[in-house]
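Each of the two complexes below includes chain A, the first together with chain B, the second together with chain C.
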Partner chain A sequence: MVSSLILCALMSCLTFFFCVVMGNFAPTSIIYAVFLIFIFTRMTFAERKRIGSGVIYRRIFQTVFAVGFCIAFISDLYAERGSMAITSEAMNNSELPFCHIAIPQVLLPFLITKSIIFPARISGAYAAAASMICIWLAVTLTVGRGWCSWICFYGGWEEGFSHVAKKRRLNLLPKNKEMREIHFGFFLFIILASICQLSCIYCEWFCPFKLTTEYFPMNSIPTLLAGVMFIGLFLGLVVVLPILTKRRTQCSTLCPFGAFASLTDRISLFRMKIDTDKCKGCLKCASACPFGAIDITTIQEKKGHPELNCAKCGECMNACPEKAISYEFRFNMKKEKCGCGRKEPKTAFGRVLREISEPAQLFRFAAFTFGMIMSSGFVDRSMKIVFDAIKGAF
Partner chain B sequence: MKSKMIKKILTVNAVFACLFGVSLFFFFDTQLDDLLGKHLRVHPSFTGGEVAEDFVETIDDTDSLDFVRYTVFLPVINAKWVDNSEYWQLVFDYKNGSESLKNLVLYIDFDNIAGGSLSFLPDDAHVSFDENHPWDYAVKVSDNEAKIYDSAKNFICNAQFLSLEKGTQFKIRLPLKDEGLQRILGAKKTWHYVLADGNLQFAGENSKPLGVEMKIQNKNAASEKEDEAFISQMKKMYEEAMESDSGADDIEENLTFYKQKIDENPEDFVSLANYGSNLAKKGGESSVIQAVMLVNESYTYLNKAAQLSRGKDGEVEVLLNRASVSASVPEGVFGKSEVGAKDFVRLASLSDDAEFKSYCWAMASECYKKCGKTTFAAIALQKAKNLLK
Partner chain C sequence: MILEAILLGLSTGTYCTMYCAPVLIPFLFGCEKTGHKRNAALTGAFLGGRLAMYFILGAAFAGMELLVHEYMNPVLARKLSVYAYIFCGLSLLFNSLGVKFPWGCKDGCHSPKLRRIGNDWVTAVVTGLSVGLHVCPPLWTAILRSVFGGNGISGFFYFLFFYVGTLPFFIPLLGIPFVAKKLPVIKRVSRVTQFCLSLYFLVCLGLLPFFFG
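Entry: the complex of A and B
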C-alpha cells in the first residue's frame, strides 16, 4: 500500500512538472495532468488487487495519446501549410517531422553514407532526428519493446480499434509463427530496400499512419499509388483487422520499428516471464496476446517467456487464471526460476523497498513516465483545439 | 555470493533508471540532442547537395545591403522525394528580401563548355562581362519563377524556384535534363555573375565573376573556433565593464526593492525589467521546477517593460535585461533565442558606443545560431567584427 502511494506521489510530481509547469499552467494541461494521475493511480491500485487488471488503463492512455497526437499534429499542419499534404518547401528545406518508425530505416544507410536519409531537421526543432534517436536509445535501454504497447502514438489507434468489438471474428492464433516470419521478412526487405535506394522506403510507400499525419500530394502516378497503398493499409491493418481479430495487426506484421525493437529488446531491463510450474497450458494468454507473441509451442515447450516480439503490454497477465505470467528483470531470468531463495524483508521499510523495486511496478512506472512526458505537449493542445472548436460552434 | 552482489547492484541501477532516470533524461534532453546533432547531418540529396562555395556580401554599418549570401552547391544525382532526381542547387539569402533585389539574373560559365556569350539577356545591366568568361547559361528570376536560357538566349526550361524562410531565402534548383546543363556534372570550375537590377553583386570590381571550384568546400574548423573565441572575448569584455559599474547584488533584496517600486508605479518599465531579470536570476539558482516557473513569470514583466519602454529613454536598460535573459535560458525549454537576437539588434541600433554595439552584434549572432538562423548569425558576427576594426 505504502509503496503504491509513494509511486503515485512521485508520478504526480513528475506529471505536475512536465504537464502543468511546462504547459505554463494552462487549464487544458491541468485537466490532462489530473487525467494522467487518475489513470496511473487507478492502474497501480488495480494491480495491487489483481495482477494484470490495470491493463485497461494502459489501453485508455495509449488510445487517448494517439487521438490527441493526431489532432494536435494535423491542426499544426493546417496552421502551417493549410493542408496535410507535404509541401515542396517543407521537403526542400528538410523540415519533415522525423518519427521513430524511420529510425531502423536510417541506421544502416547512416553507416554507409554518414548521413540521415530523411529530410528532417537534425536538432533544435520539433520532432528532430537527434531528439527521436535519443528517445529511442533511452526507451531501448529501459522498457525496450514496451514502447509499442505503452508509448507509441500510432499503436494507440490499433489499441483502440482492437477493443471495439466484443467478440473475436477471426482467430489468428494458429498463424502466429507465420505472422512473425512475415514481420521479420518484411523488416529485412525494408532495410535492404532502404540501403539500396538510400531512402526510407516504408515511409515513402507503406506507412498507413500517413492518413493520420501527413502525406505526399497525390499529383503523379507513383504518389497516387502510394496514396492508395497507405489508405488501404490503414483501413485494412489498423481498422478492420484489429476489429475482427482483436489483435494489433499492423504492429505485429508490418511496422519495421516493431521488428527492430523486438531485436534490440535484448538490451532492455525487463521481459515477461512465464512460470512453467504454475502454467496449466490453458492458452488464454496466447489468445489474449495482441502481438501474437505466445504460441501453442511456447507453452508446450515450456520456454518460460513469450516469443521475441513480445511488447510487454501485460494483456497475458490479465488473462492468465493461474497468475503464472509476470514482469521480470532480464538479468534475473536465467536462474532462480522460483523465488524460493529470496529472503523476506523483516522490517516494514524493507517490505516497502521490496515492493517498489518489483519489476512490474518499475516497468509500469518507467513506461508511463515516457508516455506521460511525450503525450503532455500534444494531448493538452488537442484538448484546447477541441474546446475552442466547441466554443466556436456555440 | 558474487552474482548475488552483481544482481543487487543491477537492481539498484534499474530502480534508479526507472524512477528517476527517465525524467532526468527529459530534463537534459536538449543537451543530449545538441551533442548528438553535432555528429549527424541529413543526406545531401535531401538538402541540395554539398556546398561548393558560399559568398557573403560585405555588410556596411548602415544596414543598407539586403543581399547577403549566395551559396553554390555541387550537383545532386539520384535524389529522392523531390521533383527532379538530378539537379543543381543555388541559394540566395536576403536579410529582408526587398523586391528589387529579387529580380535577378544569374550568368554562369562552365569550364568544360567552349564559347558562350558576352551579351546580356534583354536587361538593363550596368556592367560588362569578362571576355575570358563568356556565359553558357543564364537563370532569370522574376515573379517567383526562374527560367533557364542558353548562350544563344533560347529558353531551355523552368528551374524549380522555392521561396523559403518568409521570403528571405530563394532556392533555385536547375533540373539536369538538358544535355548541355548536364555538363555541370563534369565541370571542375564554374564562374558566376549575379546581377540584381542590373548591378553586379558579391564582387568588388565590375566584370569579375565569382569563381567556384566544383568540389566539396573545406570547412574551416579554425575559423569556427576563432568566431567562438571572438564571442567569448566580447562577453568577457562586457562582463568586466558591468562589474566595474555595479556592486555586489543580492537577488532577494533587489526583488523586494523593485517590487516595491512596481507597486508604487505599475508602469515603471525599468523596475519591471529589473524585477523580471532578477526573477530569472533567481530561477537560475533554484530547482528545475521553480526555475521554469520563475523564468516564465519573468517574461511577463520583461515583455511588459519592453512594450512600455519602446522609443523612451530607458529602452536600452529594459531591452538589455530581456536580451540577457533570453540569451542565457535554455533554447530547448523556453525558445527565446530569437527574441534575444532581435533585442540585441535593436540595442545595437540604439547605441553609439562601438564596443557595446559590437557586443550586441556578437550576442545577436550567438542567439541566431542557437535558433538555427545561420545566415543571420553570420551577418551579425561580421558586423560585430567590423565594428571593432
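Entry: the complex of A and C
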C-alpha cells in the first residue's frame, strides 16, 4: 500500500512538472494532468488487487494519446501549411517532422553517407531527428519494445479498434510464426530498399498513418497509387483486421520500427517471464496477446518467456488464470531459476523498498513516465482545439 | 594506372554495394542449399553478369559516341535504371515464385512452370546483368578513363582493375552460409524479403516510372 502511494506521489510530481508547468498552467494541461494521475493511480491500485487487471488503463491512455496526437498534429499542419499535404517548400527546407518509424530506415544509410536521408530538421524544434533518436535510445535501454504498447502515438488507433468487437471473428493464433516471418521479412525489405534508394521507402509507399498525419499531394499517377495504398493499408491493417482479430495487426506485420524494436529489445532492462511450473497450458495468454508473441509451441516447449516480438503490454498477465506470467529484470532471469539471491527484508522500510523495486512496478512507472512526457504536449493542445471548436459551435 | 583504377574502385565501392546488396542478400540467404562453394559461385555468377554488362554498355556507349561527353546524360541514365529495375524485379519474382516462395508449397515452388527460368543460376546471372545497367558516376568515370587513358588493352585492364577494386565490399557475403546455419529462420525471412523486393523493383521503381515518368 505504502509503496503504491509513494509511486503515485512520484508520478504526480512528474506529471505536474511535465504537463502543468511545461504547459504554462493552462486549464487544459491541468485537466490532462489530473486524467494522467487518475489513470496511473487506478492502474497501480488495480494491479495490487489482481495482477494484470491494470491493462485497461494502459489501453485507455494509449488510445487517448493516439487520438489527441492526431488532432494536435493535423491542426499544426493546417496552421503551418494550410493542408495536410507535404509542400515542396517543406521538402526542400527539410522541415518534415521526423517520426520514430523512420529511425531504422535512416540508421544504415547514415553510416554509409553520413547524412540523414529523411528531409527533417536535425535538431531544434519538436520532432527533430536528433531528439527523436535520443528518446528512442533512452526508451530502448529501459522499456525496450514496451514503446509499442505504451508510448507509440500511432499504436493507440489499433489498440482502440482491437477492443471494439466483443468476440474474435478471425483467429490468427496458428499463424503466429508466419506473421512474425512476414514482419521481419518486410523489415529487411524496407532496410535494403532504403539503402538502395537512399530514401525512407516505408514513409513513401507503405505507412498507413499517412492518413492521420501528412502525405504527398496526389498530383500524379504514382502518388495517387501511393495514396490508394495508404488508405487500403489503414483500413485493412489498422481498422478492419484489428476489429476482426482483436490484435494489433499493423504493429505485428508491417511496422518496421516494431521489428527493429524487437531486435534491440535485448538490451532493455525488462522482459516478460512465464513460470513454467505454474503454467497449465490453457493458452489463454496466447490468444490474448495482441502482438502474437506467444505461440502454441512457446507454451508446449516451456520456453519460459514470450517470443522475440513481445511488446510487454501485460495483456497476457491479465488473461492468465494461474498468474504465471510476470515482468522480470532481464539480468535476473537466470538467477530466478536457481532461487538464489532473494532475501526477505526484515524491516517495514525494507519491505516498502522491495515492493517499489519490483520489476512490474518499475516497468509500469518507467513506461508511463515516457508516455506521459511524449503525450503531454499533444493531448493538451488537442483538448484546447476541441474545447475551442465546441465554444465556436455554440 | 593500375593503382589508380584499384583506388577508384575502392573509394567508390559503396555505390556498388548500395545497388547490389539489396538484391544479393535476400537472394543468397533464401537459397535452399547454402554451402560455402555454392554461395561463392552464385556471387561470382552475379558479379560476372555485372561485369559483362559493363563491357556491353562500354561498347554501346562508344558505338553511340556518347563517351565524348564528360558527364553521362541523366535522362539516359535514368531510363537505363528503370530497365534495370524491371529486369531485376522480374528475375527475382520468377525466382521467388519458381524456387523460393515463402509460404505453403513444397520446396518453395509455387509455379512449376517458372522453376527452370527462375532457378538460382539464371537469376544470379540475369540480376547481375540488370544491376550492371545502373550507370553511377564512378562507373562513368572509370569507363571514360579506360577509353581515353591509353590504348585498348591498357583501357581494358584499367576497367578490370577498377572492378576488382570494388570487390572487397562483397567479401562479407561469403559469410552468408555461416550465418544461415546459425540462424535457420533467416531463410524464410529472406524469402519474404525477396518477394517484397521483387514487387517493389518491378512496380514502384520499374513499371510506374516507365509508364508515367
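Structure notes:
The rule we apply is simple: the second predicted complex is superposed on the first by the 390 of 394 C-alpha atoms of A that agree within 3 Å, B and C clash if a C-alpha of one lies under 4 Å from a C-alpha of the other, contacts with A are read in each partner's own complex, and residues count from 1 in each chain.
Just so it is clear, contacts are C-beta pairs under 8 Å (C-beta built on N, C-alpha and C of every residue); 3 or more make two chains touch, one makes a residue touch a chain.
None of the values given here were measured: they were computed from a predicted structure.
By the touch criterion stated above, A:L14 is placed in contact with chain B alone, chain C being left untouched.
When the two structures are aligned on the shared chain, A:C196 is found in touch with chain C, with no touch to chain B. In the superposition on chain A, A:N92 makes contact with chain B only, not with chain C. In the superposed pair of complexes, A:A389 makes contact with neither chain B nor chain C. In the superposition on chain A, A:L5 makes contact with neither chain B nor chain C. Looking at the shared chain after the overlay, A:A165 reaches neither chain B nor chain C. In the superposition on chain A, no contact is made by A:V228 with either chain B or chain C.
By the touch criterion defined above, A:C134 reaches chain B but does not reach chain C.
Applying the stated contact rule after C-alpha superposition, one finds that A:E181 touches chain C and leaves chain B untouched.
With both complexes placed on chain A, chain A has more residues touched by B than by the other of chain B and chain C. Residues common to the contacts of chain A with chain B and with chain C across the two structures: 197-198. Interface of chain C with chain A (complex): residues 14, 17-19, 21-22, 25-26, 102-103, 185, 188-193, 195-197, 200, 204-205, 208-209, 211-212.
Residue ranges on chain B touching chain A, taken from their complex, read 7, 10-11, 14-15, 17-19, 21-23, 25-26, 29, 32-34, 36-37, 40-48, 78, 80-83, 160, 162-165, 171, 173, 288-289, 292-293, 296, 331-333, 370-372. Only residues 10, 14, 16-18, 21-22, 24, 88-89, 91-94, 109, 113-125, 128-131, 133-135, 138, 141-142, 197-199, 204, 216, 269, 329, 331-332, 356-357, 359, 362-363, 365-366, 369-370, 373 of chain A touch chain B when the two sit together in their complex. Looking at the complex, you find that chain A touches chain C at residues 112, 178, 181-182, 184-186, 188-189, 192-193, 195-198, 201, 205, 220-222, 225.
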